[in-house]
Amino acid sequence: MIDKIRPKAADALDSVHNGASIAIGGFGQSGVPLDLIDALCDRDVRGLHIIANNGGRGLPGERGIGRLLAENRVSRFSCSFPVNPAFFERYFSGEVEIELVPQGTLAERLRAGGSGIGGFYTPTAAGTVLADGGFVVRYGKNGEPEKTLAQKERRVIDGRTYVLESPLRPDFALVKAHRADRYGNLRFRLGARNFNPLAAMAAKTTIAQADQIAAALDPDDIHLPGPFVDRVVATELEPAR
Amino acid sequence: MTTITAPTGLSRAELARRVAGDLVDGWCVNVGIGAPLQLPAQATPGKEILYHCEHGLLGVGPAPDGEPDPDVTDAGKNPVTLLDGAASFDSSTSFAIARGGRLDLCVLGGLQVSERGDLANWLVPGGNPGVGGAMDLAAGARRVWVMMDHLDKRGNPKLRKECTFPLTGAGVVDRVYTNLAVFEFVDGVLTLRECAPGITPEQLGPLTEATFQIDLWNQGESE
Amino acid sequence: MIDKIRPKAADALDSVHNGASIAIGGFGQSGVPLDLIDALCDRDVRGLHIIANNGGRGLPGERGIGRLLAENRVSRFSCSFPVNPAFFERYFSGEVEIELVPQGTLAERLRAGGSGIGGFYTPTAAGTVLADGGFVVRYGKNGEPEKTLAQKERRVIDGRTYVLESPLRPDFALVKAHRADRYGNLRFRLGARNFNPLAAMAAKTTIAQADQIAAALDPDDIHLPGPFVDRVVATELEPAR
Amino acid sequence: MTTITAPTGLSRAELARRVAGDLVDGWCVNVGIGAPLQLPAQATPGKEILYHCEHGLLGVGPAPDGEPDPDVTDAGKNPVTLLDGAASFDSSTSFAIARGGRLDLCVLGGLQVSERGDLANWLVPGGNPGVGGAMDLAAGARRVWVMMDHLDKRGNPKLRKECTFPLTGAGVVDRVYTNLAVFEFVDGVLTLRECAPGITPEQLGPLTEATFQIDLWNQGESE
């Protein structure tokens, strides 16, 4: 029998280790797997490579990606819009490395990783420092640039310049769904979908938190099929409709 | 204290109404972070515009009167509403809409626009970097309009010969709407199309580092 | 006001021209836009490049792709599983060219075309005649091979051989949906979804037939958002739920 | 008329039951066109298998008792049913599951399997070509099992030194289940693991062009 439901977030995360790469869903405050991130912080793992669109806001007592950054658990952050002032402080002082990725490229790289695609050509960022290179990936302790982005491979296709981008295949994904079943089938809610299905596809092991556990979902109502999901934790035991 | 006296031109709300006035009924329009986020509130009777938000919503309208839904926000994470025809999808589908050429328009904020149509809107050198979806949108949308102040906070022209800030995209801009004027790239040449009420083409010269030609849309009405 | 509904299939297809490339959804008999294909045949267009997974069965009076092939309207057929004996007759006698594409690669090439991706690397078909070249694309009138597939570009990524595949960007797509609204938002039904959303994404102009027209669809119930769809024709006027 | 006397071994239904017996509870299994399509009907008590169909269905079961639903078919276009946990998705997501390594197993039919684990299953030279999803599945699934007759219709061995037909994939096969025996590639070496009831390893020699070693799973039970 297939049953991916785990009673507690801590159980679902027991294999997450120091230095792991972890894709996390969410855009701003919507669709962020807050309970899983809290459980991750409780496990006290460090040196993580986090892949997530946003960096939180840097507010006191903040949950989500902001908490991971505030507690200094992140050594590398792949994102499009970090924002968080606490993160930037660490970036400019050489404590954390950034991989700044245009949002659509970030989404597509996760999808490619989850789809067994070895790489793809995108017109996005051609002619900019995020493709031609030069962007500061890491500062030294002295505040000087220590590592800059190398030039990405370019290719002219039908007269237009494209950039070769690589798939992302993180060790883990933490995602937030609205509804799940024991097979790991997931349904999301409105703007909370965003990066969640893509992070789930990309990872070697995917852990989902869900507002509701349903006995069954209509096959056509499923946004992400169960084979992409390894473990499911219910976070609010709302009755399923 | 002596300061340079620059005309103020349109308010931010007036600029949003001005841009909204040029949208075409039925267009699918992405609105970027900053000033463009005011557009969905500028509903124009007789025109139905589908506003696209990069993270995966289509058909958004103005902020709600009542309780906001945390899962219904614009790209700036502000609460919005969903209108008739709204659709939700994941971020890869959202950028497939953008890169795949299904956006009639994206409206972006700007730090600098060059006279060749280059756009810089994501990083002031030395500042905090954050690119979001701007590069994808600039590369993918059928049209790119920039909404920005004519001068930066220090009074420097934002329409430049060259962008000195890192580019978002090269040669991508189709129009620039500022508080003082509307410019269009016509066969690649920056062209003044309209002055804000009370503004003359002569006033714009010293406030615009970029070279531009003048070919106004409504010669008689622009002053 | 946005209203993509067209009263008749013939109206929706009025811009389809001889020699057009057309992606068509469907797998076997499920999800095939039969009414649109009938209207296409009524327009009497010829010399088409058809992109569709299957070739029909070659039965007398058959609708669907089989009808297009039987009426000799197709000069090039991109597919994974042509099957139809009438098609093979034309293939071996040099009347029609085949681009045989592994099914997953066909799906991904359509998605890439619809997503502005310039090309991608897939492990599928590496080491076979569909990637290394040699497969007979067209026979001559004398029954001898006239054109064979050239070797595709290969690339070793992390020790594995991948093949470069190009996006498909056909002039038109004909797709079958279960439910549609005036914005062109589509919902499909079970196995009838298959290639339909991908064909719709890929094409410059997409025409959908729908079993039902709904006043509105729940945003989370939409399988393909309206911007990918240009025209919608109702084929069975079932009441929307 | 004189014909070569080859043992018949398992019937097609017995072979399907034999393969089904080796599936592991909870696996996600793609079944290809031909003999593998019989597997979803071989439900085994206590084992839940999620059967994946390439065009975009997961969780399919046996043919329906009543009216078939034309939108619920297997990869061979035969009517099937949807079980608990079933999901529908588009073809690109379906092959993302396959290429992305989320299929525990795919079971494919075979024309020829070489002693190096190459599979040829889509084209008899001179015949009608049609590849379907076989190459994607062979390249993507974690395990590839082939279900086929031990001999072709003319009595030629299908387990060969080299495939003479065009390949589906090179070195992709993990196990071969025929009507006469079960073989496994162990560190790349074709290995006889089991003989069908009444069949001896000695009988298989002349019926198998490929070189194989013998290392039976159940030494005492195989005859």
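Order of writing sets the chain letters: A, B, C and D. Residues in each chain are counted from 1.
Note that contacts are C-beta pairs under 8 Å (C-beta built on N, C-alpha and C of every residue); 3 or more make two chains touch, one makes a residue touch a chain.
Chain by chain, the UniProt names read as follows: B, D = 3-oxoacid CoA-transferase subunit B.
All of these numbers come straight from a predicted model, not from anything done at the bench.
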Touching chain A and chain D alike are C
Set A-B beside B-C; more C-beta pairs touch across A-B
Chain centres from averaged Cα atoms put chain B and chain D apart, in whole Å, by 57
Chain A to chain B, mean C-alpha position gap in Å, rounds to 29
Rounded to the nearest Å, the gap between Cα centres of chain B and chain C is 37
Chain-centre distance (mean CA atoms) for chain A and chain C, in whole Å, is 33
Each of the following residues of chain C touches two or more other chains, namely 108, 111, 115-117, 122-123, 188-190, 193, 219-220, 223
Within chain B, the set of residues that touch 2 or more other chains is 57, 82, 88-89, 92, 95, 98-99, 139-140
Among line, ring, star, complete and other, the chain contact graph is other
Full set of chain pairs in contact is A-B, A-C, A-D, B-C, C-D
Note: in the complex, chain C contacts chain B through residues 1-2, 111, 113-117, 181-183, 185, 201, 216-217, 219-220, 222, 225-228
Chain B contacts chain A in the complex at 53-57, 69-73, 77, 82, 88-92, 94-95, 98-99, 128-137, 139-140, 166-170
Chain B contacts chain C in the complex at 25-26, 28, 46, 48, 50, 52, 57-59, 82, 84-89, 92-93, 95-103, 139-140
Given the complex, residues on chain C that touch chain D span 27-31, 53, 80-83, 85, 88, 98, 100-108, 110-111, 122-130, 135, 188-198, 223
Within the complex, chain C is touched by chain A residues 108, 112, 115-123, 155, 157-158, 160, 162, 187-190, 193, 219-221, 223
